[in-house]
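Here chain A shows up in two complexes: once beside chain B, once beside chain C.
The block that comes next holds the complex of A and B.
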């Protein structure tokens, strides 16, 4: 329909493809290649075949950090899928000042994770305000060592991830809620449905696409956790809060064991690939 | 009467719940602020803790400047964010146009190739990008902070969606008027997708302002620290001086919170687009 030179579309795409070629496509291939070498930035890389993967398999810390990442996923995702639904229902009420509450719940989302981590490290102090509040409310008897008890540290960090993420997923649900026709609730009112019945029979089924989306997004995010661990615990005590991405960081940039880190990266990639495969499918549906 | 009574009770309960959650979400910031405002004479570790400072002071905010070059970190963060926005918007808008509006060989392969990169986390690629940065001398430089994270599939996808919503007739009229493809893109289509460009810009700003892992890796010279790296450095340097750490942390988040309060609409749209629903 148009008189246009055949190369025009490629000219428009060129800058993007150049950027992505250097910083996305090439690194994908390169990391895969690195995972079969012993590259350490100092000496020349030697091809070592599957040795990194074999070592990985026998590395207890790899398994521990992988396990920690999965505990993270299992602990964080259900809360981040369910709690924001209720938050969204709550802030969807048409009340005076509701916009301010929405904004307040979203502030942790716009705050950098570094500051959030530092802030919670301060709240988590032994003599800190969190222990004081929980003791005053009678929820705990003795001070809890939130970040220094190996049994607890990982869960304390998870709580921060949840706290920061609530507002983000709330907003996703909110737009889902606002697309539910009001008549459906009116009909259930006539039928004499209770609040809970309305949520279970109307809200939840109609929010299903958003629920799917939040499950996938929060799972992928949980597998990539790094900053909160770096800022609050450095993976300690006794590696109890070390996640897979943190271990990759340590191996690659502290020990300069880049080949080994690349092999771990490949394992992470497979996990995330499976999770995001569903994400892309979902996106494709919504863009049609 | 009982009905209106029930309604009032319900409203009160909702407000009570709203306030309780607001305290959970905002309370930590208030505690940080309280710590930052406490003077040197006040024991910040006292138990039970005190929320209201005895003699509030701003001295800690000034002391941050003696400890670290926070204004430098601030400028670095701002500069890096602005350049990334410009690159991301221009490059994404260029690429999004043919993907939305033209038919050409390999279109689907290119589109899904770009989309597919969303499945590969940066945490993996950075191993290779770091080696590349060392070899090309990009470590400890603005290029190193900017170029590897400037362009991503998300921006292209978002703007492609925006172009798709513009009626084809507008473009056809421009072709009849003798505009070439670049002119159509620049003069006709870009002005029509301004809201999406604003959304992408703000989303990009937020991402850049809080980005931590890549700057941590690529920068070791404090002259190039961005705020998150600088604040993390501050907290390592003065691990028990919480007045200073709290003040520095607050300084670093005040700009983004102010921008958020004024441009909430775009933040929410960005979040939605980030989830690819809108």
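The block that comes next holds the complex of A and C.
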């Protein structure tokens, strides 16, 4: 009887494992293999050894796009880790109409990024509504070139990612908040704690698991940004908003240089792996 | 019992072997087109029915693919081993696949008199290193669409639209001053389009051996400086740097730009999306440069090398591009045929004077005999295009002077061409 029971969980896992094997693990291994070839989808792939990796390390555009992806990471992740906590605290009250607010914050999440990108492209236009409002209010004198100034374009795109992601992480924190026992807040009330002290000493420590989850998810998402760039700027102007994944896409599907793209993809894989590893280590240490 | 089973299974085998033989005689040719459904479903189905009637052993399976997905879908199907037999591709993409040896050489597989049917200049736009890798199908030449009302408001004569690039600066200034609107959005920072502008202006791209860039000339610097001036004065919008033809159409439709350089088939789009602007729209020949050259956009029919039915595929390619079928096609949409006899039909010269679409068709057809595929086929076209895009962006944004930008682009081209 015992022996049969031991196998049952694995049998249940088998379909999911098979699916992941075919659509996740096998492609990862195959990309690694492709990175040593000159595959272009039309003709047979020839083995080229480490040539792709050598070209990669000497390619200034690879380093630029990697840098852009890191700027994305540093700019977007702190905001998406911290701000949704306060949004979640806000919508966690039993006020009239609070459900409407929760829905409103979540609507950007369920809207297609393509639609969001097109919409923000219009808002960001030189003679678009954002500049119009800012100029009418006297905040700026001349139009700001949100998407056509190489110094600002990347940050304009980052703002869209933040805007769209807030609701998603808010919901993760909301479920975390709802598992915090109310007695702890009542006890701190008795101790005379202010609202801010309650958040620092009760809410945030107990939200640690959620914070770790959010920081890993948002870091990975930030390193993989593609759609916003594709819709809004095509990586321009002057490659200032080109992220690594966009460059990989360009090399693979526009230049038909899949071997090189695979090499870049594998480097990205290693980078994200290291990032996630340090993320977890950091969280583990601070919780001790 | 066993005997009955044996007889029964032998009968079954007999019947099935017959059907296998019959099935083997029917050839299926898979044919992909770029975004022709639903507007042209009836036309293409008609052509397919006619072909199948003449070739009963061949069945054509038609698959229509959205324009922007065609490249990716074709590549992934080729990688999976089930690419179509015949495909409708544009010149740059068919060139890319041909470079990798993926298309059938039409020069070798067609007789001289069949080849003669097509316009020479258009046939040679698919010729590279001695091979012609596709049959030209339908063509369009660009025209100039302009908003007569904006012209009038700016104090310009709406019956006298600009003909050359050199006129654009003055006209643009006047339009900006009097109406505050943009002249147009020239797609010069996108996919190497600026190369076409240079060719129209008479600036050479390559030296005779096609081994080195030849566009670093005084005229070239002056030409680029003209666009930079237009950009700095706000005559063309800042979005010129990152946007392309689609944004140009949007800008024209939303009454923010006076001119749109596009194919005549876009008149339908303007009519549908902005009927008010359509009323004010007039049509003129494509604005060109000092060399007076006019570009032609060619749509191809190519046969993929991996096809299992080469003969039938080539026959279908010839059929769909023949005079009758092309003329029929040109009668339902503003495109031009690539075959001489079809293009000589009076349909292209007899026009109703009030009809904008007829005017567009006439203008478009008239340009055909001086139209050339502006960009000669080059290897590593994508990389070369990207260098030009960066050159234009750098100059427009003031990151480099026109002189520096062009010199840097020349150096990069030379290193790519030397590969």
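By definition in this document, the second predicted complex is superposed on the first by the 243 of 288 C-alpha atoms of A that agree within 3 Å, B and C clash if a C-alpha of one lies under 4 Å from a C-alpha of the other, contacts with A are read in each partner's own complex, and residues count from 1 in each chain.
Keep this in mind: contacts are C-beta pairs under 8 Å (C-beta built on N, C-alpha and C of every residue); 3 or more make two chains touch, one makes a residue touch a chain.
Just so you know, these numbers come straight off a predicted model, no measurement behind them.
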Chain B versus chain C as contact partner of A:41, first or second or both or neither: both
Chain B versus chain C as contact partner of A:94, first or second or both or neither: neither
Chain C versus chain B, contacts on chain A by residue: B
Partner chain(s) touched by A:27 [first = chain B, second = chain C, both, neither]: first
First (chain B), second (chain C), both or neither touched by A:255: second
Partner chain in contact with A:17 - chain B first, chain C second, else both or neither: first
Common ground on chain A, meaning residues reached by chain C in one complex and by chain B in the other: 41, 125, 127, 253
Complex interface listing, chain B residues touching chain A: 11, 14-15, 17-18, 21-22, 24-26, 28-29, 31-32, 35, 45-49, 87, 90-92, 94-95, 97-99, 102, 104, 107, 110, 113-121, 123-132, 134, 147-153, 156-157, 161, 172, 175, 181, 185, 206, 209-210, 212-213, 216-217, 227-229, 231-232, 235, 242, 245-246, 249, 252-253, 256-257, 260-261, 264, 267-268, 271-272, 275-278
Of all residues in chain C, those that touch chain A in their complex: 71-72, 75-76, 78-79, 96-97, 100-102, 189, 237-239, 241-242, 256, 382-383, 390, 393-394, 397, 399
Chain A residues within the chain C interface of the complex: 40-43, 125-127, 145, 147-148, 150, 233-234, 236-239, 253-256
Complex contact set, residues of chain A against chain B: 1-4, 6, 8-10, 12-13, 15-17, 19-20, 22-28, 30-31, 34, 39, 41, 87, 90-91, 93, 95, 98-99, 101, 103-115, 118-123, 125, 127-129, 132, 136, 163, 166-168, 171-172, 175-176, 209-210, 213-214, 217, 220, 223-224, 226-227, 230-231, 245, 248-249, 252-253, 258, 261-262, 265-266, 268-269, 272-273, 276-277, 279-280, 283, 286-287
